[in-house]
Amino acid sequence: MSKKKETDQTIRARITVFPRPEILDPQGKAIAGALERLGFDRVSEVRAGKSFDVVLEGTTAEEAEAQLGKMAETLLANTVVEDYAVEILGTATT
Amino acid sequence: MRCGVVTFPGSNCDHDVYHVLKHVLGQEVFFLWHGEENLKSCDLVVLPGGFSYGDYLRAGAMASLSPIMASVRRHADAGGLVLGICNGFQMLLESQLLPGAMRRNRTLRFECRDLHLRVERADLPFTRGYEAGQVLRMPVAHAEGNYVDSEANLDALEAAGRVVFRYSDPEGELRDEHNVNGSARAIAGITNEGGNVLGMMPHPERCAEEVLGNSDGLPLFATAVAGARAALETQAS
Amino acid sequence: MSGEIKARPGEPQVDEQLAIDHGLTGEEYGRLRDLLGRDPSYTELGITSALWSEHCSYKSSKVYLQEFPTEGPRVIHGPGENAGVVDIGHGWVAAFKMESHNHPSFIEPYQGAATGVGGILRDVFTMGARPVACMDALCFGDIDAPRMRYLVDGVVRGIGDYGNCVGIPTIGGRTGFHAGYNGNILVNAFALGLARRDRIFTASASGVGNPILYAGSATGRDGIHGATMASESFDADSEQKRPTVQVGDPFTEKVLLEACLEAMRTGALVAIQDMGAAGLTSSAFEMAGRGGTGFRIDTDLVPRREAGLGPYEIMLSESQERMLLVAERGREENLAKVFRRWGLEVETIGEVTGDGVGRVLADGEEAAALPIDPLAQAGPLYRRPVAVPKDLEARQKDPEVPEPEDLSGTLKRLLGTPELGCKSWIWRQYDHTVRTNTMIGPGGDAAVLLLKGTPAGLAMTCDVNPVYCGLDPYSGGSQVVAEAVRNLACVGAEPLGLTDCLNFGNPENPEISWQFRECVQGMSAACRALEVPVVSGTVSLYNETDGVSIPPTPSVAMVGLVPDVSNLPESCFQQAGDRIVLLGEDASDFGGSAYLRLLYGVEQGRPPTVHLGTEERLADLLRFLAYEGLSTTAHDLSEGGLAIALAEACFGRASGHLAPVGARVHVDLAPRALFSETQGRAIVAASPENVEKVLEEAETLGVPAVDIGEVGGDRLVIGCDGGSIDLAVEEIHSIWSTALPRALGM
Amino acid sequence: MSKKKETDQTIRARITVFPRPEILDPQGKAIAGALERLGFDRVSEVRAGKSFDVVLEGTTAEEAEAQLGKMAETLLANTVVEDYAVEILGTATT
């Protein structure tokens, strides 16, 4: 598909993906252990997730939100075991 | 001579290296434990391949903070031989005994196959058994072997002649498709200023016996062993 | 035995309906009540439904499995233990088994496949054997079917990431694609471990008063009812019923493996078993069952990952990377120390008792008290009605077999299919060289592991042809065993035993039960004739989605011994100038052939008949040639027939250093016969000096043999009556080696 | 080390780690390509990073901030090629 510009807005967004609370998180578990060994004795839990910073061009904040949700559903998050959140970081007009 | 192979939780090539040093080269070999600082006065210390702590954060990151790494650093600073293979190389980077860092392979997949290496430095304790420009065939098996650093640092590394191995084609030409993991400047192995610390992604211990059809990795251990003995003697005198 | 057990707050009312929701029949629920002389508690119902599930009880398959030959001079432990054990000489034994993880892999391919590998590894090191090799048998649907590319990618990553991290080489397997798996893929994982002959551990809880220890990961809600789920068909709402997905933790598995092997050396360990399907329930009941003892487990002492887990959840959770141990009384600390040193959680959660009752405590009160042996005895056993499929006759009718218009083009098309293309896209994601024993990795007929410190090697192969089995389950069952023996013989290996994973549809459908019975009988006949004992295995039934069952799929993994690895034949040509000898005779077999299926979409006819005598003679010859170092190459003919076998032999060894090379042969066959799949055939290559000896030996052993041509050049030239193939090896090699990634779009 | 409680505060924080802008990000690149193939034609760039949600107990927001920075420096981020950011998500008093 071609990048036909509808608007001249550039939108920066972040999609954050974490394992569902009830799902085992081996990474978080291992990291918590390492932090404890390093003497960070106040740490009671760590969950490890992923972040994706996405730049969209020629779109609007509303359209972007919808698009980002779809991206998470179809590719970035595995909704069987993960939850995701979408956050618009900034909008710039060029 | 005394060789030490460090076992971290999740190391899985420790026994392979042990086998080569002990049974193929007949050396005195000890397993060293990540949780201790004792190097059992070994002359050669090997950080083996594997998935220390599952490589759940960054490959080698958690292991590089183990108690034994402080001793490994002292050993290296004193000119002692340190060999980091695969996960061991990643630990050397994470503990900044060697410069740069590893990213995921550009294929974003684990790559297990034989690759060709061009020897860039044949004058190091680990590489005297090779000729400069010689092409070796060695197995790789990793998901994070994509070496990166800033252009400036890479230039400095090259200028100091600290690139030891590069991925090449069978004739020794640097061709992109042979740089499977996408390493900057096809780097497969590097050394420190002193030349006594070597980090490499390919597995010389997996090609150190003819019975497995390839012994290109054996000279690396053989000369390291000899080199360590030499270092020991100079220290004594 | 204790009387009524108080219901715990919040527990549902236990009645027949609840039992049925647990997958028990009303009749089975009645048995349970008669056995107890009272209503079961909620926890007891959960435990019983798991123990009596198809997955744990084999209630529909037992009657047939009894037909397998399970004994042999080298068999130390047959079916019944966590893994089969065979003597491989030099003081060593090999423990191996195959397990299915089909349903979980269809729901979440990455974790499903990963935890499948984890489970099978634990089955092996539970026996005191250090795992040294894995294989995987995968059946996917049409690559273009919904989710299929995602499933392939996820399953392969899952298997790779888990095995790679634990550091066990995956050196072989089998991958197929068939629309029959569109709604229900198969993931069968195999693992093999080595132990000194006198160091094998079994899982029999003995010694009244001995403490029971729990080691490894904490317990969560993961996979509660996995066992019952693996005993149900898929339908729209399995998604809803879905338990918490089990997540694999290969790092914990690796340290658990090291800790267990170390613990076994302390001498303080009495018995050990992993918590697999049905978790704590099956491990506790099976260990006590084998020991003729009872147990008391206090669920309050079980390490937990989350709050609010009652005895029901704790007994049925399938959280991964957990082991149940019985320690010698007073020496439990010796064991605990080992696990803590490896950074693992370990707790004493109960003890072995003498009353033969399995008691589960929570908050100081009994939540379950089940008589272990009687419960097993009372377990249901079915001889399900069988019926010949109505459409069988039609499907077995002899098919039209067109002559290929363009021979070279036909070979190219076949080599370019994911079915016959190279599988290196898969096995390059698996570490197959770690542990430095791999002499022949993936890509050949059988993989070969060096037994360090001995002249010997272990060979293994993984096979099944679901199309054959669908058209004639009996001969399909024989064929899979015969092909495995042939694959082993190519590298000069004598079979030691096999493990299987019998994947079928819904046994309550008489046609499926018929398939199962026929398949098992065909396999048994071949095992007897070829002297291969069945030492372990799994049955996976109810592989059905919306009423459609998968093709009958008896995956087989066979292990063999190579007495001396000094001159292993390769499955590819090595030396220009070598003569190529075709062993066996063509009988124009196209029923269920790749030729008809992949080029004409026809799956019809009788699959090739398996002549067990012929197979035996061929295997003897292949082994003899290998021992005597007479053959440099040995490659059997399977899917795609002679043309495909010759092409594969020209492609060198992807997992090694052997370069592609050409060949020029002529056979007195009709063009289409180049693709016939008559069994009991192989090609071997031998130096010009040796080829006469090869032909003589074949003669003496009664194996038809013809010198059909020679290795060399950079083209594959196959002449036949009225046509010829003439192609550049480089061209077909690239078609073949890129077929799978191309189809996957990766 | 023992978890001696100084305060009764529980602090939830997120540490986000991204590859430095000048460092190539094979994963982000691959994801951008995949998104494009899926028809998300407004995407011009994707960077792939990691997030860690950390729960600290018996500490103060200030102490926590300092601790979290150290965790990132010593373990969670490889400052040779990665930047990190610390964000306090919430404070609860039990």
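Worth a mention:
Chains here go by letter, A, B, C and D, matching the order in which they are written, and residues are numbered from 1 within each.
We take it that contacts are C-beta pairs under 8 Å (C-beta built on N, C-alpha and C of every residue); 3 or more make two chains touch, one makes a residue touch a chain.
Everything quoted here is computed from the prediction, not taken from an experiment.
Between chain A and chain C, the least number of touch steps comes to 1.
Interface comparison, B-D against B-C: more C-beta pairs in contact at B-C. The geometric centre of chain A is 11 Å away from that of chain D, both derived from CA atoms. As a whole-number value, the distance joining the C-alpha centres of chain B and chain D reads 31 Å.
Spacing of chain A relative to chain B, judged by their CA centroids, is 35 angstrom.
Counting partner chains per residue, chain D shows two or more touched chains at residues 74-76. Residues of chain C in contact with at least two other chains: 249, 251-252, 343. Residue positions 53-54, 56-57, 62, 65 of chain B are each in touch with at least two other chains. The set of touching chain pairs reads A-B, A-C, A-D, B-C, B-D, using the touch definition from the header. The touching residues of chain C, counted against chain B in their complex, run 157, 160-161, 164-167, 249-252, 254-255, 342-343, 427-436, 438-439, 450, 452, 565, 655-657.
Interface residues of chain A, counted against chain C in their complex, comprise 19, 22-26, 29-30, 33, 78, 80-81. Across the complex, chain C meets chain A through its residues 107-108, 110-111, 217, 220-222, 244-249, 251-252, 305-306, 319-320, 343.
Partner chain A is touched in their complex by these residues of chain B: 53-54, 56-57, 62, 65.
In the complex of the two chains, the chain B residues touching chain D come out as 57-58, 61-62, 65, 93-94, 96, 99-101, 103-106, 108, 146, 148-150, 182.
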